[in-house]
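What follows is a short report on a single structure.
Note that the chains take the letters A, B, C and D in the order they are written out, and that residue 1 is the start of every chain.
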Amino acid sequence: MTIAFLDLRDKLREFSRARDWDQFHTPRNLATALAVEAAELLEHFQWLRDEESTSLQPEVREAVSLEAADVLLYLVRLADKLDLDLIALAQRKIEINAEKYPVALARGNAKKYTDL
Amino acid sequence: MTIAFLDLRDKLREFSRARDWDQFHTPRNLATALAVEAAELLEHFQWLRDEESTSLQPEVREAVSLEAADVLLYLVRLADKLDLDLIALAQRKIEINAEKYPVALARGNAKKYTDL
Amino acid sequence: MTIAFLDLRDKLREFSRARDWDQFHTPRNLATALAVEAAELLEHFQWLRDEESTSLQPEVREAVSLEAADVLLYLVRLADKLDLDLIALAQRKIEINAEKYPVALARGNAKKYTDL
Amino acid sequence: MTIAFLDLRDKLREFSRARDWDQFHTPRNLATALAVEAAELLEHFQWLRDEESTSLQPEVREAVSLEAADVLLYLVRLADKLDLDLIALAQRKIEINAEKYPVALARGNAKKYTDL
């Protein structure tokens, strides 16, 4: 899986331009749509027990896959509107997290860094 | 911006392995964390008026950037656990959306496809 | 626990009036704040296993309690701005759900009504 | 609008008992359902501009009303499972907020209390 975020970004630009949707794509609206899609993804897990969530039924996995795609698409679109480099930010955030969660303190527990 | 989703995936695997966090990273828990992060991103926009959301204050833009990174990281991690190819899914979802929202019907309005 | 939703509503009106916050309390902004608070409540559960969620640690239960209060407060405020009678709506929704989920079909399974 | 939270609570208990759904109603699952419903409510606002959100179309208002009812029902159910007195908590939270947001500092601005 090599990729082109740029390719996704450009396809979404063209998609929106063709439909005259840029008027709706304010950062705020896109952030709202992103949160709504993430909740729709989560909905598929809401009544599952832990062990059921690790071996999804095929139709659930398919539905989750398409919701995950929606999350990515809105995230790419939001990043485009705010001129963010998502990959660089993600790399940077991993480094920040490594400092917040030192291996020695965080090992085997799920506490928030403020409670370590 | 070319990328390596694979690189992010591998760094997250190593991050989690070093902290013995795979026990917490069920698909369900990751989907929950994803939705929580998306809401935290949205929180920065909650009291803004439309026009304010298009020219964010620098400190808000920075906060939003790091929340966007969190969303991407949890999405990559969830995709890893479910063995999903996010980029291929996103490409496929754009095609699905193009059929759901034909240019002639969707042009200039934000109705859901079920209401077109 | 008998109540006064009206009392909560009036206190929130006065709270907002004193701070000149009605300008921020559009239905959309309140709906956003409501979703953000619900996600903050959920955050406290995100790494718990099923059995841990049924016997919360005291400090988690306290935190969840205050988030639940926030959810109720934004819900009451949103209902006020949209002139909704929440209790009547909730009663009506229980009746709708009873038709969507007949006992004979729904008993012991958590499927969505569209899949029954 | 006087109310009976207790009446709603009891109807939901009976609803769940008749369908053998208590097995699914862990606090965690209910918190997830609550967040999902709040996001569904928000979805109706996601492409609206500020001024459109204050005068909803009748069918949007109706849809929002039923989502608001769902939020309340899951909140009441969660409170029941955690043995929380929602009204007392809401009263207490208003007092906490009054201290966090003193009139003199908060008047006319929407900053978070940590930024006042």
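Everything that follows uses one rule, which is that a contact is a pair of C-beta atoms (placed from the backbone, for glycine too) under 8 Å apart; a residue touches a chain by one contact, two chains touch by 3 or more.
Every value quoted in this text rests on a predicted model; they were computed, and no experiment measured them.
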| item | value |
| --- | --- |
| Intersection of contact partners for chain C and chain D | A, B |
| Result of counting contacting C-beta pairs for A-D and A-C, higher pair | A-D |
| Angle (degrees, nearest 5) of the CA superposition of chain A onto chain B | 180 |
| Centroid spacing, where centroids are CA-atom means, of chain A and chain B in whole angstrom | 2 |
| Chain A-chain D separation of Cα centroids, rounded to whole Å | 25 |
| Contacts with 2+ other chains: residues of chain D | 24, 29, 32, 35, 38-39, 42, 45, 47, 50, 110 |
| Category of the chain touch graph - line, ring, star, complete, other | complete |
| Residues on chain C engaged by chain D in the complex (per definition of touch) | 1-6, 8, 11-12, 15, 18-21, 23-24, 26-29, 31-32, 34-35, 37-39, 41-42, 44-45, 48, 50, 53-54, 56, 61, 64-66, 68-73, 75-76, 78-79, 82, 84-94, 96-98, 101, 103, 106-108, 110 |
| Touching residues (chain side chain A, partner chain D) in the complex | 24, 29, 32-33, 35-36, 38-40, 42-43, 45-47 |
| Touching residues on chain A, where the partner in the complex is chain C | 32, 35, 39, 47, 49-50, 110 |
